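Have a look at the structure below before the remarks.
Each chain gets a letter, A, B, C and D, in the order it is written, and its residues are counted from 1.
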Amino acid sequence: MMNGQQYKDSLRKLHPIVYCNGRKIESVVDDPMTAPHVNSAALTYELAFDPEYEDLMTATSHFTGKKINRFTHVHQSTEDLVKKVKMMRMIGQKTGTCFQRCVGFDALNASYITTYKIDKKYGTDYHERLKKYMQYVQETDIMVAGSMTDPKGDRSKKPSQQADPDLFVHVVERREDGIVVRGAKAHQTGMVNSHEMLILPTTNLGPEDKDYAVAAAIPVDAPGVIHIFGRQTNENRRLEGDIDCGNAEYAIVGGETLTVLNDVFVPWDRVFMCGEYDLAQEFVETFASYHRQNYGGCKVGVADVIIGAAASMAEYNGCPKASHIKDKLVEMVHLAESMHCCSIACSAMGHKTEAGSYYVDTLLANTVKLNCTKTMYEISRLAHDIAGGFIATLPYEADYRSEVCHGYIDKYFAGDARFPTEDRIRMARLLENMTGGTALAESMHGAGSPQAMRVMIQRETNWEQKKNFAKRLAKIKTGD
Amino acid sequence: MMNGQQYKDSLRKLHPIVYCNGRKIESVVDDPMTAPHVNSAALTYELAFDPEYEDLMTATSHFTGKKINRFTHVHQSTEDLVKKVKMMRMIGQKTGTCFQRCVGFDALNASYITTYKIDKKYGTDYHERLKKYMQYVQETDIMVAGSMTDPKGDRSKKPSQQADPDLFVHVVERREDGIVVRGAKAHQTGMVNSHEMLILPTTNLGPEDKDYAVAAAIPVDAPGVIHIFGRQTNENRRLEGDIDCGNAEYAIVGGETLTVLNDVFVPWDRVFMCGEYDLAQEFVETFASYHRQNYGGCKVGVADVIIGAAASMAEYNGCPKASHIKDKLVEMVHLAESMHCCSIACSAMGHKTEAGSYYVDTLLANTVKLNCTKTMYEISRLAHDIAGGFIATLPYEADYRSEVCHGYIDKYFAGDARFPTEDRIRMARLLENMTGGTALAESMHGAGSPQAMRVMIQRETNWEQKKNFAKRLAKIKTGD
Amino acid sequence: MMNGQQYKDSLRKLHPIVYCNGRKIESVVDDPMTAPHVNSAALTYELAFDPEYEDLMTATSHFTGKKINRFTHVHQSTEDLVKKVKMMRMIGQKTGTCFQRCVGFDALNASYITTYKIDKKYGTDYHERLKKYMQYVQETDIMVAGSMTDPKGDRSKKPSQQADPDLFVHVVERREDGIVVRGAKAHQTGMVNSHEMLILPTTNLGPEDKDYAVAAAIPVDAPGVIHIFGRQTNENRRLEGDIDCGNAEYAIVGGETLTVLNDVFVPWDRVFMCGEYDLAQEFVETFASYHRQNYGGCKVGVADVIIGAAASMAEYNGCPKASHIKDKLVEMVHLAESMHCCSIACSAMGHKTEAGSYYVDTLLANTVKLNCTKTMYEISRLAHDIAGGFIATLPYEADYRSEVCHGYIDKYFAGDARFPTEDRIRMARLLENMTGGTALAESMHGAGSPQAMRVMIQRETNWEQKKNFAKRLAKIKTGD
Amino acid sequence: MMNGQQYKDSLRKLHPIVYCNGRKIESVVDDPMTAPHVNSAALTYELAFDPEYEDLMTATSHFTGKKINRFTHVHQSTEDLVKKVKMMRMIGQKTGTCFQRCVGFDALNASYITTYKIDKKYGTDYHERLKKYMQYVQETDIMVAGSMTDPKGDRSKKPSQQADPDLFVHVVERREDGIVVRGAKAHQTGMVNSHEMLILPTTNLGPEDKDYAVAAAIPVDAPGVIHIFGRQTNENRRLEGDIDCGNAEYAIVGGETLTVLNDVFVPWDRVFMCGEYDLAQEFVETFASYHRQNYGGCKVGVADVIIGAAASMAEYNGCPKASHIKDKLVEMVHLAESMHCCSIACSAMGHKTEAGSYYVDTLLANTVKLNCTKTMYEISRLAHDIAGGFIATLPYEADYRSEVCHGYIDKYFAGDARFPTEDRIRMARLLENMTGGTALAESMHGAGSPQAMRVMIQRETNWEQKKNFAKRLAKIKTGD
């Protein structure tokens, strides 16, 4: 296992091409725009060495019996699934943002299940390849970016029907030693500070989309790979100081990229699906269900911070005992814990797969994320209500630090006199950045659109059974 | 263990005094007003003999090692807690209503924990008494009504401050062989078809309320006990036939009573608290938390029936494929499963108590019920939206059965011609009775008011921890 | 104008055939099952003679210049539209339920507009016929049941595609002196205590549905007309006394019927549409928009009663000052007034039609009803939350009046000792009946399904304009 | 009346001291950080000369009979109140953001009513002074910043109890020629591009707070006045280009300041309250009610833009006809129109004041803003749901404009091929900036906290009347 420093050092040895705001980033570890994202991910390494969190952060490899970072583990029990959720909540409480590493974790576990199924149906050997790759991942403790979402173009069309065939990643050449892929992956969380990416198909496919059925592991600095870094709300404030950015050390959300794959070569031992289009949908859903499980972990950790910030603001404002403030804080806790319950339940109700690993209850995993797409907005709304108008019109950090304005701001933005004004401003800035713009929009997405989850719920619900429950009580002769 | 028939036979041997609608009920098993409630409870006996449900419905006594009905079990693991939830959902799907027996189940388990604590603090022997009583309950498989809620009078006053001292049950005499209690218990679910009741205190008490700190087991037909049966929405329709009542066999909700205790004698071996006022609050909350756990079981079973009825109505109306109908049905499933997740999670996250039994996570148990107080209304609203205006203006069963009107009703209330009109009417009546009046109001209450839960969430949340999560990220020097 | 007594006397002269619960109702004024509905409607007559309400309750006929009951008026200004809403709220506050007479009011006003359009397109003389009929209505002050909703059968099929051609009312014979119609009208509010009904088409029609395009006025006791009275929640309680029914004098909801038209003859001077299928949709929507306008009047009046009942219950329970109770009451007021605002706004933003009368803003009229379908559920939920578990398990009126039980109930259902227990029970029963079952389901329907309103909002919104607002700001070259 | 250019020219003649991001702003018209706010306000001048909007944008002075800009008008009828709402919606549709000028408009109208009352009670001559001042405002068409909100410090304390006496503006000296005031005003919308400010008290006051009861007009560049400009979400993006800022011409929200008043002198003819503490609360509420009226105008205009952007995004994404997309868009319209209805209704139900001007219905004005504090969040949530993950991870404008990345971004962020990728990015950026961070938080505040509105609803509701509605129906003898 690597610790945080070793992780950072290992990233320095890679040379991905990353563009950001019109320039090239030379070192993702050291560049101020990417460093906070590196810091978040580094915590997933560092905490594995903290005795307090050993049980959550590490696991025993079922391949080798060795102690490994849980983020590289194949779930061996429902207890493992529950620990994943608790681990994520705990890290979320420390970072107040995305720590990115779950995406690869889920992609690997989804591949573990799906490659087994492909092999069973087609006699291929993807599962063995994957097992070898995973042992390599466990051994080296590298960070793998789970890489699913294609740009998609016109949403009403299949990959092969798009005006531009590259709007979904596809195989453009099959060679003796491997394949060549072309296209791009969008919204790639944690990509620039990962070592490799594991690309997966992103939608259900028909026979005409055969070339789009591709899963493979690719180094982030492989020839032909180009990353364009996404922009976040207020992201440039981190260049100015440590107040206005709100969360100076860990930034906001996951540092997403558009990652372009310009005819990238992948050797066969890193290819885990190639052409088996009829299992693409299953690949997508297995990944998505594992990923939806997470939100009642990480997002609840984030919510814990927002709730704490709102409770602190109430204190600074001098009104922590007002009954309507207490009611709102309780409502926030209630909403957060309800999300958490869904993740715990989809884990505790998980089951063993044919491949031997453990998988979540998919119906319940969908409830997690559907709640999240509403709950995080509601929690943000309540936080704004508690924090007061203050949060929308705070002055600049530069003015707060300037000789001429500091005194005025310090004097007039005081709250309860027992607390320094700077604390009140810092807390408001944290809240501002955690409850607006990108942070909110991101709550909506990730792991598929809400509508995708509704479709899945519709498919997975046993409607006939529910109708029969009703027909029996209504005394309708059903014949069954 | 008794089966359903044995349970009914055993009730016939008791002679409780029960008033209902101005008359006395001679046999709760045979009287049409109480029989449907007996039927629901009987299912908790009958299903214990069904091999399909053996794992959920039965357990192994930790006292005797014998197989017992789960409703008499002391939880020995988080698995037991999860099975309780699943058992309740399953029975709810079959009855579409309350089957009552969980109240005593929870009262016994709460007593198991609390008597242990009282003894530890005061050197009393309540826990041993309770263990003997529980072995008797397990052996005889009797149904015990959990009996907590006092009438309460003026909600702003403590028991000893009330204008009438009897508005909370209290000890009026301490004798060598036992105690004499006076007062009443309100909203007593399943009381008339139980064998005994287990009374518990209902609120936190001060030294001046000492006499109100009483827990004891009392036969439902003990001298001095009088039951006045509560009224439900449309309850008299069951006297007319089997259509308009909606759920002919199992009625709606739990058949509650006002149970008056007119100086009732209780021997000491059935007394489990007497004067230890400072543990009253703990008694209440232990019971309430176990009871809040249930709602993501039984209510979700009920919701499964409502969802099935709504899905059936859409089919009868000819519009099962309309996208807005599908969206609403999916939303209903989503809401129901979210409630279920909370119950599963508070069970899976349970822990072992000092007394050796297992107890739920109380913070999460509160989220169950708080969700329920909103969700069941929302599910009902969606069901009405799907079912159409039809449900509000259906004609009488008597007209449907009359020579002159039957033809008109059958002709004009037809939907999709492939289904009999009677089926459509039956389903609408089931839905009407499950989603209105008493059924809805009952979703709000039981296991304490929503406000009580909010207070408990406020108390159980670690606010300092949450504030510290935020302070660290906001770079506020906290000294810790 | 008739007063309340004259209205009742006039009804006694009619002889409609009405079936209810397996028997024939001889006098709707005197039968206990229909009398409360007559009482509600009678108030629309009686209050017209109350000087306090003269401005709201009466208007000046634009035909004759005479003072008339507003319920027979053709709206002459937006002020008239606003007064309609205020009048309805005021009567709703007095009845706590539907007073039925708005349906005919809206049907007449919708006919006034639509007949003008038919004549303009087809050179017919329906508008003149209608004007004569309306002068007759104003002169005699009769109550006209607006009669739109057909049974509809399979919702996915047009009238002419139904398995049974009678599932929508249609013309079966065209004679020299008039037409013969067959079919039924469902959910007919106020029908049995009206003098005549004004039937309208219920859906958009194609050329093949020509015979279904029919509007006509028919006496409620015309040969061939049969009424089957619908059942309401707990409606039989009114036979027992005046407590358990909750609202003894005015019942709950509108006393709906299934009204069968068995080859009923209508003379030409009472026919206002016959075959002009392409204007059916317009007829429906004009009626529906007028009718949706009402809900922010009558339903808000009803909500005022529910809020008052909840506030009273809080007082009886001893907790009127608890901050969470006050918050809930305020939320109820907020929700009710928001509905009211929508009705006022759709009235104030109304406009003059080609026919010279005033019509509501239809987009805003839809918001009224869509809010209502959610708000009344939310208000009911909050009322249950405030009232407490009490409401779900109250004993029977017969027991409360019995010698043996009265004392117990009076003693144990006492709240704050300053108020009689009977008052507390009466208020809880009022609340029970206003917030459950039929009362709630009826909030969902009437004036078309929520989905119908969404469709109308979609059609009436100027999407291109909204997109252009955005395109201009986003600096997108639009060419316009 | 000034037009837009004249307005800008007039601002150039003023010399307010404005600090922003560590530097001094020399010209608010020309500085890129303030110019977009000037542009928004300039539209309130420019549109007054557009014949299409003459009826909404101008009015006839009741002082002089001259045509004036409506923003300087004293409302003379409910029609004036309705036109104010419609004018604001219209301008909001054009700017997509706050145009600031309503604050002074409301402050002037509130002063018109309140000075009349002060004079009546105390025999002062504030009303005459104000009338003269208003004629000056109408004549010169200057922009007056309504200046109410004090910093407030510890929210649990009155002004005179604060640790620092300056946390509310107060009179520090009374001279023969005028008064001297000290303190600050926070969240001052439109302040830097106004000509003068009209300060008002911000809370209810007791006798000990007498010096805090002060209302007065002060030039923005009076000696002793210092402005510190507030920071907005992503506000620096406007320095980079015109894509990433979303709304290049008009920015986001109102350009708020902390305005410090360092012993500022005000001559008596500009003082409109000085010491009459018992009317402070009335001043606050009159202003607040006028201001709450606005939100169903301006915010609905803003919502129209958001809805248009979401509808456009759906089109660009290739899914404008998906039924779940249509449902969400309809829901957005429904929510926006409901807010609008509340503003229209509180205007149409306005009444004449003793001073002769027209005032809104205050209960209904509160419903406007309370809806807004929820609705804008819900509309934003739905917009994010429709727009897709895209919005959270878009690349930088600099990369889009760079040679190396432009092609990739243009290729891979294409949607429906009929639309340019740049349009899709522009629309997403507009949506991002209108639905996050400051924009959302600002929906919560302005015109007082939501809790302040709830308190006002509680006070203004006639609870006894509502209880009596219920008591009569429940047959409770009330004695009245």
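We take it that contacts are C-beta pairs under 8 Å (C-beta built on N, C-alpha and C of every residue); 3 or more make two chains touch, one makes a residue touch a chain.
Being a predicted model, the structure only gives us computed values, none of them experimental.
The set of chains in contact with subunit A as well as subunit B comprises C, D. Under the contact definition, subunit B and subunit C share the contacting chains A, D.
By residue number, the contact pairs of A-B overlap by more than half with those of exactly one pair in C-D, B-D or B-C, and this pair is C-D. In this assembly, the C-alpha centroid of subunit A lies 51 Å from the C-alpha centroid of subunit C. Distance between chain centres (mean CA atoms), subunit A to subunit D: 38 Å. Between the Cα centres of subunit C and subunit D there is a gap of 40 Å. Residues of subunit A in contact with two or more other chains: 324, 327, 454.
On the side of subunit C, the complex with subunit B involves touching residues 19-23, 149, 151, 153-157, 162-164, 166-167, 184, 186-187, 226, 228-231, 233-234, 236, 244, 253, 256-258, 260, 317-319, 322, 324, 373-374, 377-378, 380-381, 384-385, 387-396, 398-399, 401-402, 404-405, 408-409, 411-417, 432-433, 435-442, 444-446, 449-451, 454. Here subunit C touches subunit A in the complex through residues 323-324, 327, going by the rule given at the top.
Considering their complex, residues 82, 93-96, 242-243, 246-250, 304-309, 311-312, 315, 326-327, 329-331, 333-334, 337-338, 340-342, 344-346, 348-349, 363-364, 366-368, 370-371, 423, 426-427, 429-430, 454, 457-458, 461, 463, 465-476 of subunit B touch subunit A.
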